[in-house]
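Consider the two complexes below, in which chain A is the common component and chain B and chain C are the respective partners.
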Partner chain A sequence: MLLAYILVPLLGAAIMPILRKIWQKGTDSVPILVTVYQIIITGWIAYQGIVLNGSLNLERWILDQVLALRLDGLSLVALLAIGLVSFVTVLFSLRYPLDEDRRPGYYALILLAVTGMNGLVVATDLFSMYVFLEIVSVASFILIAYQYDEFGMEGSFKYMMLSAVATVFLLVAVALLFAITGGVSFGELAQGVKTGGPVVFISFAFIFFALALKSGMMPFHGWLPDAYTASPAPVSILLAGIVTKIAGVYTMIRLVLEVFGFNSVFMNLLLVVGAVSTVLGAFFALGQKDFKRMLAYSSISQIGYIMMGLAAGTPLGLIGAVFHFFNHAIFKSLLFLNSGAVETATGTRNFDELGGLAEKMPVTGTTSVIGLLSTAGIPPLAGFWSKLVIIVALWMAGFKFFAFIAVFASIITLAYLLLLQRNVFFGKIKQGLEGIREVSPVVYWPAIIMAAITVFSGILFPLVYDKLLNPVNSLLGLLAK
Partner chain B sequence: MELHMVLLIAVTLIPMIIAAFAAELIKSVIALLVGSVGLTLVLFNLNAPIAGIFELSVGAGLIAVLFILSVSLTRPLAKEESAERKRQHYRRFYVLPIIILFLGLILYLNKDFWINAFPFTGAQESASFGEVLWGRRGLDLIGQIGIILVGVFGVIVLFRRGKMNE
Partner chain C sequence: MNNILVIDMIAVILLLGIGLYTLIVSRNLLRMLIGFEIMAKGVTLAIVSAGAYNGKLALSQTLAVTAIVVEVIFIAVALAIVMLIQRKKGSLDVRKITNLKG
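Moving on, here comes the complex of A and B:
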């Protein structure tokens, strides 16, 4: 059953060249079907509540057992986020001006990125995680450079170089851990690190730097603004919405839970880097004049929140981190969808050339307000709950200074996002933009879907907690082992 | 040391040296692939099949895809320029063998220190190569298929665009 999460998108990608030859229009349908399948299956598992007591029962699924795949509360949230973000990415791509000749290859790469993310999420050993992480990374390099222009190549090159450094760090950590534990499965690693001594600390440091680079946390963020800005709009949605979250943040949460535990040295490192990311990311965002670049720095800031939640080292902190991970995937995709819509309609992302678009693009303007309010943590939207839980968790864990930092950064977040909204959507329409119209429904419907999820997962927070976040509690059993 | 082990080390080292010194990228990549396979066999002979599989996954799988992807985006030089570059190319490596031999000697003379500094005892492998490859690392094989597909589609997508630009 879980193997299907890997095989379905992999086969979807593999059949693209054949489909291109025999039925060109069908190449649009395959990625939509694959991502909808993932949303339905994962949504059904969440709704049934069958991972409440640990992980999904896979007695009947021999291949899943042979390959040691697993689905628990954390992977459930991640798989749902991957499905939703990749679905809106594909939907947005339908009308995005891509070379028709290369479109099937583009969809294949998106599906392969989904394959990599899904594989990483259901894998239960560090080396398999690394292999799937590399699928995601290599697919991302190519997607960033897709337009084959100078900026795309530069963004891709920066990401590739820093990612190569991250890969070396990760491989060294795998080698060290393998040498002291004799295995790479989470179980073997967890047993081994208990007696590993300084090698464990060195390994954690390598893994931490690798994943901080992959997720773009400060001060390891050098590639991120360029990569997000240079990518085609739908690729930015995928990258900002889910790729960096899975490659960096999910992997970090998983390894802390399964292998390293809430060790005070590790957690303090996470807490400090998380806080630096949160505050500096927000300040850097404040100074930007490019729509996507501002959102890129905002992403760096929000990842810091997730890390601080995790570093609180308590069940509440973990739930806050996981919920903010999910929310960030949704509202950041929404804001990147809006930026893509604005760029498609006006041909620019520069604030100096934009203004008053809400009148001409009411759907994009409205969904943008929802996205920004949720990012800033305004009630009753989803972002409010996740930030609240993180702040309360930090406070209760005794990290009062960091709780204060989280509140302070939230105020800066509101400031720069209001600035964005004012520059782009409010006020009088800018000269030369009088003739623009709202983008096509295929482009704004993904934004409506994401906005609806943001609103309803905030209003119906008790239901979300019950179905999506409560299973995360079962993970805490791992820490006791 | 047994003869087959000496041969395997030679099969690993010679291509690795060619990979480092070759003037043409494509020759370097191919040599690196051969060297990786050689190293896999060395590890297998040292009763380290899991490490061997990892080397095969990373060296001959993932890294090769990245290199081939990059090489496919480069443009070959004109014949005269290529010949001149080759002449220049080898000059910069004159000192390198001395440095490598010197470092190797230092490591060899202090080998007891390094062995004691990292008392790794965890990696005890006993399974066969096939058992490890198919039984324990099956998921990596699926991942490798994904990596190869990414490489193929990457070359198609970027190379086609490059051709269009020309």
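Moving on, here comes the complex of A and C:
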């Protein structure tokens, strides 16, 4: 069952070149089937384990005591988010103007990225994590430059070089930990790092640096807006919605929980870096003129929230971080879907050339309002609850100053997103845009799905909290061992 | 045994330093990739000597071979993108690819 998470998308990617030769029309359906399969199977596991039995049965799959996979509450949330975001990405790509001959290859790369993310989520040793991380990264490098344009290549090259540095540091840390513990699985590493000492400290510092680079936290964010802006619209949905979150944030949460524990030095550092990303990301977003670039800076700011929630070091903080991680995947892919819809309809992303699109594109305008209100944390949408949990957790953990920063950044978030909404959708219609029509249903239905998820997981928050998020907490038991 | 590890680690640090320096200082895209290659060699050496240090040679060889394979895939994709930049721009100077700002 668990191996299917890795093998099914991989198989889908592998049959793409064959399908391209014999049945080109069928290539559209394969990625849709694979992602729908993932959503259904993950939902089924959650329903079976949590709703019926009250607790999640931890699944394990072990081969020769070397390759071991595991599914727990945290990976369940992540797998659900991967399935949803890749599903809407594929739906959006159906009508996106790509070269028809290269479309199967494009789908194969998306499926390869999904393979890598799924593998990363279920892996139980540091080295497999590194290998899957590289699969995701290489697939995204190619996807960013997929249209052979100058911007794409530049964004891709920047991402590639910074990612290379991150990779090297991660591997050095793996080598150091391997030298002192004699293994790479989380269990062996956790046993080994208990002794402490300078080597453990250095390797955690390297891993921290590598993952901060990968997730685009504030001092290391240089590549992120460029990569998001330069990539084709569907690719930026995938990148912003899930790839960088899985590669950077999920890996960080997993390693902190399973290997390093809440080391006070690094948790304080994470808190400061998270707060800096939250505030500066929001301020940078305020000054942008480009739809996608503003959303990219907003992403940096939201990642800061997740990291602050994790750094609080309490069960409540962890729940907030994981819920915000899931919410961010949903509402950020919703906003990127809308930016893609606006770009396909009008051909531009510049605020100066846009305006008054709400009349012409009612569905896009409405879903975008829902997305921005959720991002800014307005009740009763899902984003409000996760931010509230993070802020309360920070306050209760004694970081009152950082709780204030989180509230403050939330206000700036509302400011820049309202600016976006006013510039693009409200007000008088700009000259030359009178003939714009709503995008095709294939493009706006994904946005409706995402908006519905945001609304319902907000309204049904008590249920989500009990059933989906509390199992995450059982992970904290790992720390006691 | 321990002396060899110290020598290995010095070599690893040197390789990482040279690679990082090359990556930061060079203006040519290909040279930047060479810098990454030097760093990757240092990492491979680190993994192998870690295995020699704790006696788990088989595991460390597996890790080293996998790391080399991943690195080759990475460099193949990177070279493809550098080639496209060269075709589009006719230059490999990193100062000339600065369209994205802000």
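As a convention for this text, the second predicted complex is superposed on the first by the 463 of 481 C-alpha atoms of A that agree within 3 Å, B and C clash if a C-alpha of one lies under 4 Å from a C-alpha of the other, contacts with A are read in each partner's own complex, and residues count from 1 in each chain.
Here is the rule we go by: a residue touches a chain if its C-beta (ideal position, glycine included) is under 8 Å from a C-beta of that chain, and two chains touch if they have at least 3 such contacts.
In this text, all values refer to a predicted model and were calculated from it rather than measured experimentally.
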| item | value |
| --- | --- |
| Three-chain arrangement built on chain A, chain B and chain C clash or fit | clash |
| Which superposed partner A:145 touches (first chain B, second chain C, both, neither) | both |
| First (chain B), second (chain C), both or neither touched by A:265 | neither |
| First (chain B), second (chain C), both or neither touched by A:161 | second |
| First, second, both or neither for A:171, with chain B first and chain C second | both |
| Partner chain in contact with A:288 - chain B first, chain C second, else both or neither | second |
| Touched partner set for A:127, first chain B, second chain C, both or neither | both |
| Contacts of A:36 with chain B and chain C, given as first, second, both or neither | neither |
| Touched partner set for A:407, first chain B, second chain C, both or neither | neither |
| Partner chain in contact with A:179 - chain B first, chain C second, else both or neither | both |
| Footprint overlap on chain A, comparing chain B with chain C | 127, 131, 134, 138, 141-142, 145, 148, 171, 174, 178-184 |
| Chain C - residues contacting chain A, complex | 12, 16, 19-20, 23, 29, 32, 36, 39-40, 42-43, 46-47, 49-51, 53-56, 59-60, 63, 66-67, 70, 73-74, 77-78, 81-82, 84-85, 88-89, 97-100, 102 |
| Residue numbers on chain A that touch chain B, as the complex places them | 6-7, 10, 13-14, 16, 66-69, 99, 101-102, 105-106, 108-109, 112, 115-116, 119, 123, 125, 127-128, 131-132, 134-135, 138-139, 141-142, 145-148, 171, 174, 178-184, 192, 199 |
| Chain A residues within the chain C interface of the complex | 127, 130-131, 134, 137-138, 141-142, 145, 148, 150-151, 153-158, 160-161, 164-165, 167-168, 171-172, 174-176, 178-184, 225-226, 229-230, 288-290, 293 |
| List of chain B residues in touch with chain A within their complex | 50-51, 54, 57-58, 62, 65-66, 69, 118, 120-125, 135, 137-140, 142-147, 149-151, 153-154, 156-158, 160-162, 164-165 |
